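Each of the next two complexes has chain A plus one more chain, namely chain B in the first and chain C in the second.
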Partner chain A sequence: MRGDIFARKKMNAFVFLGVLILVTLVAIVMTEYNVAKGFTSIPKAVHWGFSNFYPNGESFRKLPDIMMKLKETVLVSIAATSAGAVFALVFAIFGAHTTRFNAVLGGISRGIATVFRNIDVAAWALILLFSFGQNVMTGYFALFFGSFGYLTRAFIETIDEVSGGSVEALRATGAGYFHIVFQSVIPSSIPQMISWILFMIETNIRQATLVGILTGTGIGFAFNLYYKSMNYHTASLVVVAIVIAILFIEYISNYVRRAIL
Partner chain B sequence: MTAQTGTKIKVKTLNKASVIIRATLLTLTIITIYSFITFDYKGLNLLDSVIKTAKMLPTMLFEPHFKHFTFLEALYKVLVTMGLAFLTTLFGAVIALFMGLFAARNLTNNTTSNVIRGFVAVIRAVPTVLWVLIFAVGAGLGSVAAVVGMSFHSIGYLVKAYSESFEEMDNGVIEALKASGANWWQIVFQAVIPSTITFLLSWTFLRFEINFAVAVAMGAAAGAGGIGFDMFMASMFYSDLREIGVITYFILAFAIMLEVFASRLKRRLKLNA
Partner chain C sequence: MKTLLELRQVSKHYGQETAALSDVSFNVKEGEFVSIIGPSGAGKSTLLRCINRIVDASGGEIFFNDENVLKLDKAQLKRVRRTIGMIFQHYNLVNRLSVIENVLHGRLGYKSTLAGMLGLYSEEEKQQAVKMLNILGLQEHTYRRADQLSGGQKQRVGIARALVQKPKMLLCDEPIASLDPNAAKTIMDYLKTISATMGITVLVNLHQVDVALRYSDRIIGVNKGKVVYDGSPKEMSSSMIHKIYGSEAGELIFDHGGQNAG
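For the complex of A and B:
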């Protein structure tokens, strides 16, 4: 019997590996991926990077403009996340098992969140370009929809995880629905929710760069401008600015997380 | 007895955690309001645009049509996007597995772990689209630049996830093997990876789900091909709302399929673990 188990395990591993290799080959053919070029491109890119992609003295003259654009992008990300979080909280309360009114409403609010979550932010940006044009609000709403969808799922999981027992206890004492939500559910899940919001802000700054390339706003536009005009020194300065901004926000988030969780 | 009637029972204590929670919420609110005041709206009429969007969405969703490609062509393009996501996840997972081993504190010394963690944090901070565009200068726009560029962020994400999984495992097993004279590679392949494999797989699949969305975005913003590029063309060049509707349905169907599959896998892995 023991031998059987090991033989079966080995067999499973072989089948898994075989399927993996097959799928890889299919993927390589379909995407027209050049394997050799994939390997040679890395040393080439590193070489190019060290000889061209670094900020020089002249690029620093563009720094005030870059900082302005960066500020806009950071503000858009934070504003979209906060607004998304408010809507997500309402939908999460309707959608979570412990706090929903009934299964139908719960299903509807989960369904809406699923749709918003699974249409990517870039896709939202391309759709909203039709009605908002190349404007900062295009990116704002794209990020807002994405954050709303993602945070709704995260908040639902948080509520169900944190507040099952206390809701039951309060219900047994005869507390009303709003009492339960505002006195127990929200206070006990708020640290976890803030942690998710901070994570979303970091993600959104990166996403905002991508959206900015599509909608011609913010730091993404600045990068695209210098990149397309082959002003690589300034483009690299944009990258450095983004990295510093994201690491700074990550540092603050970690501090807040350690203090509240 | 009478002395007590005047004293209130203090229900809420103001400790450090609750002060920081309030400060965070207040800061976010202030920044949000400040943002809305200082945005450069360029004379955009917000109400008009919202109404326009509300009129536009039904056209997009209820009158989708195929114009520049057929159903099968669109299906093929989605599969190309899936292929890009798959290759990225595979390359990312293989590299991240080794880096993750050296980043886990219970398997290496603190210096190595800190160096890798710092390095990975910087890699993660650069947006994926910039990695792809930077690689495109050398390799040209296309699947090579897309997969290599997207792999960076996958590696950053998976190294963090893998090393945390390794650190959560029972230290007794590692010590027992060390005491019996097993070398580092034996410990890794006989104990560490087998006992964490379910977590590794579920993190990897989660990343595959994310990479699908990233691959769509890279098709649109960095010429990576696949369905994202068609969406970019439909929006920027043809201004064809109905075609965008079709593409949205394709993306939604595949993304939701992946999500359902991922949550099933997660449940099964939890049962097995």
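For the complex of A and C:
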């Protein structure tokens, strides 16, 4: 019996690998993708990048403008993430095994979060374009929905992982539902939750750039504008600014993580 | 002495097949120190959890302090739970909170929703918590974070949390299973003292037969969800231990700690 499990696992791995190779081959044939050409074009792309895609003196005159757009994007990302986190906390408490009222409500809560999580932020942006148009609100809500779905899932796992024992202990003392949530579940899971929120902010700044291209706002719009007008030097400065911003946020969040854990 | 706890033909099934408890009946008197022993999977943890309804029994009746526990509504159940302290193998503290906050959690059953949520305790409650920490020799750890304590210290915090409930009874689910022999002895001594000086009934699940024999007024042996022994430790015989644990395991236990069993 026991040998069976390992044999079956090995079998599964082989089948998975086979299917993967098959899918790749089918995809290559169907899209008429030329593998050799794909690889040989990489050096060309690199060459182009080095000869055109770098900031020059001229482009730095646009820096204040870029910084303003960048600030807007960062702030929208943070705002959307925080709002998403508040809703995610409520849904996670309803959806987590240890804190749910009952299985039905828990299932509904998880279901809603799953829907939001599985629609990509870019897809949300396109959907919301219809209701809000090319507007900051579109980007904000797209990021908000994405963060909400993702964080709900992360928070549910945090709650179930972190607070099992003490929840049982408090229940045994005669504590009520809200006592347990506020005295045990939240204190136990807060460091991990903050860690998830920081991670989400980082992700959202990256996503916001893409969403900005779609919605014509923020740093993504700036990039798109310079790129389309073939001002590659300024466009590359935008990229550098985004990278620096992300590194900076990452540095801050690592610092915060160390401080709270 | 008055009977504090009475179980009548209590049974518990998990799902369709697993019968964790079947027809469990026994009484516990006020102030008694009772140990429940039995092999792994016998249903000891399930039994303790049915008493304060952390697990809902499938059948039978449980009377605690003349109330039918299985018939209580939500509010009544909370009122009964706060008079029953519970102690766990893995301590089940909120690790990120301070020792004193963990102890004060024992008061939550007495608090309004808002006061409990916000952790607003009265001066008297705080003094009560400090007093319990003193009794358990934890005064210098009062404001430390719970996860900085050793296992034995954590378990004493667990006991303090149970004691500020002003309980009539303590349910202890393998309180010493994760501790070294010295810490284990300290914990068992505290439980015994508490039982003797405060008149609190103690019901404790144990894996160590010798410890059970040394500390208990009475032993309940459980095997496969059934009570197979209910009597004083003095009358516990080697053949009885074999019966509770199954013969091979019984051999092993008897070699080590069976001397007291005579």
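A few points about this structure:
We adopt the following convention: the second predicted complex is superposed on the first by the 239 of 261 C-alpha atoms of A that agree within 3 Å, B and C clash if a C-alpha of one lies under 4 Å from a C-alpha of the other, contacts with A are read in each partner's own complex, and residues count from 1 in each chain.
Convention: contacts are C-beta pairs under 8 Å (C-beta built on N, C-alpha and C of every residue); 3 or more make two chains touch, one makes a residue touch a chain.
Since the model is a prediction, treat every value here as computed from it, not as a measurement.
In the superposed model, B is the one of chain B and chain C that contacts more residues of chain A.
Of the two partner chains placed around the shared chain by superposition, neither chain B nor chain C is touched by A:107.
When the two structures are aligned on the shared chain, A:129 is found in touch with chain B, with no touch to chain C.
After overlaying the two complexes on the shared chain, residue contacts for A:72 are found with chain B alone; chain C is out of touch. With both structures placed on the common chain, the touch criterion links A:38 to chain B but leaves chain C unconnected.
In the superposition on chain A, contact is made by A:183 with chain C only, not with chain B. Residue contacts after overlaying the shared chain place A:191 against chain B and chain C alike. When the shared chain is aligned, no partner comes close enough to touch A:18: not chain B, not chain C. By the touch criterion stated above, A:214 is placed in contact with chain B alone, chain C being left untouched. For the contact definition in use here, the residues of chain A common to its chain B contact set and its chain C contact set are 190-191. Residue ranges on chain A touching chain B, taken from their complex, read 20, 23-24, 26-28, 30-34, 37-38, 41-42, 44-45, 48-49, 53, 72, 75-76, 78-79, 81-83, 114-115, 118-123, 126-133, 135-137, 140, 190-191, 194, 197-198, 206-207, 209-210, 213-214, 220, 223, 227, 232, 239, 242-243, 246-247, 250, 256, 259-260. Residues of chain B that touch chain A in their complex: 16-17, 20-21, 24-25, 28-29, 31-32, 34-36, 38-42, 44, 46, 49-50, 52-53, 56, 60, 76, 79-80, 82-84, 86-87, 90, 121-122, 125-130, 133-135, 137-139, 142-145, 147-148, 213, 216-217, 220-221, 225-226, 228, 231-232, 234-236, 239, 241, 244, 247-248, 251-252, 255-256, 259. Of all residues in chain C, those touching chain A in their complex are 52, 54, 77-82, 84-86, 88, 90-97, 105-111, 113, 116-119, 158, 161-162, 165, 171.
Across the complex, chain C is touched by residues 163, 165-166, 168-176, 178-179, 181-184, 187-188, 190-191 of chain A.
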